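Data first, discussion second: the structure below is written as structure tokens.
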Amino acid sequence: MIVVNFKACVESLGKKGLTLAKICEKVAQESKKEIVVCPQTPDLCLVSKEVSIPVFSQHIDPVDPGSRTGHITLESVRSYATGTLINHSEKRMKIADIEYLVKKCRNFGLTSIVCTNNIEVSMACSLLTPDYIAIEPPELIGGDISVTSASPEIVEDSVKKIKKINPRVKVLCGAGVKTGKDVKKALELGTEGVLLASGVVKAEDPEKALRDLVSGI
Amino acid sequence: MIVVNFKACVESLGKKGLTLAKICEKVAQESKKEIVVCPQTPDLCLVSKEVSIPVFSQHIDPVDPGSRTGHITLESVRSYATGTLINHSEKRMKIADIEYLVKKCRNFGLTSIVCTNNIEVSMACSLLTPDYIAIEPPELIGGDISVTSASPEIVEDSVKKIKKINPRVKVLCGAGVKTGKDVKKALELGTEGVLLASGVVKAEDPEKALRDLVSGI
Amino acid sequence: MIVVNFKACVESLGKKGLTLAKICEKVAQESKKEIVVCPQTPDLCLVSKEVSIPVFSQHIDPVDPGSRTGHITLESVRSYATGTLINHSEKRMKIADIEYLVKKCRNFGLTSIVCTNNIEVSMACSLLTPDYIAIEPPELIGGDISVTSASPEIVEDSVKKIKKINPRVKVLCGAGVKTGKDVKKALELGTEGVLLASGVVKAEDPEKALRDLVSGI
Amino acid sequence: MIVVNFKACVESLGKKGLTLAKICEKVAQESKKEIVVCPQTPDLCLVSKEVSIPVFSQHIDPVDPGSRTGHITLESVRSYATGTLINHSEKRMKIADIEYLVKKCRNFGLTSIVCTNNIEVSMACSLLTPDYIAIEPPELIGGDISVTSASPEIVEDSVKKIKKINPRVKVLCGAGVKTGKDVKKALELGTEGVLLASGVVKAEDPEKALRDLVSGI
């Protein structure tokens, strides 16, 4: 599985976001691989109506419906999305709130991807039984260092420790993935997919970038 | 002007939110009064495509586009909305962020409504020159007390002090409004409209409630 | 071990806090039981200089020293305290920050007590290997219900699951403890002590309340 | 007035903080100028007992005493401090909370210094009538640029606009001050003192640095 996080970039905004999602859909259909898109929250409706691949939310606020002006509830997101990122490095959450959201996703049938920053936090979050843990070692975030050339042991070690604690949790490699070669390596290290953003969103030719990425599966 | 804040209520979610917005549009057109709707953020796209009355956002995060996963930028909201609430009592903001957003709204041509909790804060925020200040005296929020029966002097005093400091700022009565009589009173006290939520969203018959409200204009 | 959280109550402020800490010291010495006090942060210095029992902090901010005006670093607290509460229900923290603080406490030789709100979160946090987990079932917080009369199975179950995951972690009963009888029950259920506040801080006669509590050990 | 913010630096921690405060006291007494120190919160007690110059807090949380574990109330700080910084650039606050704290400081007789980031925010905050506004133009924060060489018009303009709105508010220059020459210039531009940190705290010889600074008054 390849999860493409659109972040809040200008390149993934509104109609550009829709175009990007359409490209993801095209490559997914042609390659018969699973690609998930995470559009910007106000674009969830637009994108979900126009593409047939899974659409996930980038974030959900840990609150129930009611007098919560400006909050994003799971209930409002699920009209358009079938899963969500939780605790992304750009939107860290309290442990009690992560637990609340993972449980709520399970009750509502949404796929949960909890992002984590190191092995200890990955292990702790795996006990909450989200569908996925996306490990984002800070050493690899946003840089040019790829998981193939640097620290493969962090990924491998994380996968082993997570699986030992909770075999039901699947692991995504959440940083250091730029190319099909990186995807291949990430899968060899035991992950079940990758979560990435700039490698696609900021690519000069997103379709070409995606084709390269899926070639690694 | 009547601004209807949909909050994060189940009654204003997804298709229900669209139905509610359609009712607002109908009453606005028939009465030839201005009604603005503030749908839940993920529903902005859905609602804005289907109604011709102004659609405002409930909140915008004080950040520019970029690596801001899960944040709601003005840039993403403006595809669907022509204005926004800022600093609602359920989403209070830092003063530096309110200033940043009011200025950004001005630059992008969005209408800004800054909510405030007392006279001192109203006066301070009026210096930032938002389009509107919505005064929400805590004494009146969420209760059954209406501005017609209680504390009309708070509203009158706020309007005078805001106008003295910055005559360009328009004032909305943001609490204690349930009926057309309340709207009438709010306008007599010097405000240029009302901001309300439960009086419409939670009404057994929202259309009837809205007709009553516009009758006060 | 009995940990007395002074909270931010007027009854535990400044000189009153010192008097309260002196009472805790007296009862600890007479009963030869371990009592730990958690004064208000500005009183840490005052209290730590005057009592010989352990003094813990109520909270530490997850930041290193530097340009952090108004933040409470571990480095500033350790002049006066030998341990700290982390993630108290009134000061919930991000999972990444809890992990950072538990590790930092270990490196600096401070005792860490991580507060948790339910079994899942307790299990997750036990993997971070704090010295103590203080379980605070929301059902028991602040109410008159005591752990002896209600939900003993929650406490027992939490202890078992935490110990299974990480036998090195000790467990405190963090809610529902008012009397020596409750302390006795909490220990029977497998905990190694209690964390309490109002039962002592708000007691008409704190010394009497403490004597009763230690009688349960 | 020279206000020295100790921040959370290692150079101002515990006993080092006390030594620094003693140096400030010495220079203040010799020069007969007013120097205020803002130690780290856990050191407020230590420093306030040992020096006779005014001791201010770096921050206060906008809450009343009670069940507020880990929060810093005004009530707990006033045992040791006679004033406080509010809304420092490293601890920005909500407008409603700034208003609450300024009013509370007034009621309790504490001196309030509200930090602001630009002219608009300075003007807005001046309406809340704090004792001081410390203007911190982001252009000048933390850099080597001093107010004497760069942007004196920002400071002059801020002072004029603040005084016009609320003549009772005094203005401090909160950035770009390193030397006595800068202090002199800041006073010429209409401010009534300076707020600074690294220029003293990180100085090789803080006493020499302070002597130079007071020479500008």
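Assorted remarks:
By written order: A, B, C and D. Residues from 1 in each chain.
Here is the rule we use: contacts are C-beta pairs under 8 Å (C-beta built on N, C-alpha and C of every residue); 3 or more make two chains touch, one makes a residue touch a chain.
Owing to the predicted nature of the structure, the values given are computational and were not obtained by experimental measurement.
Here the chain-to-chain distance from chain B to chain D, counted in touching steps, is 1.
In terms of the stated touch criterion, chain A and chain C have no partners in common.
Looking across C-D, A-B or A-C, the pair that copies the B-D interface, with over half of its contact pairs the same by residue number, is A-C. Using the mean of the Cα atoms as each chain's centre, the chain most removed from chain D is A.
Inter-chain centre distance (chain B to chain C, centres taken as mean C-alpha positions): 44 Å.
With centres set at the average Cα position, the gap from chain C to chain D is 34 Å.
Note for the complex: chain D touches chain C at residues 5, 7-10, 13-15, 40-46, 57-59, 63, 65-73, 75-77, 79-80, 85, 88-91, 142, 197-198. Against chain C, in their complex, chain A makes its touches with residues 87, 92-99, 103, 116-118, 120-121, 123-125, 127-128, 165.
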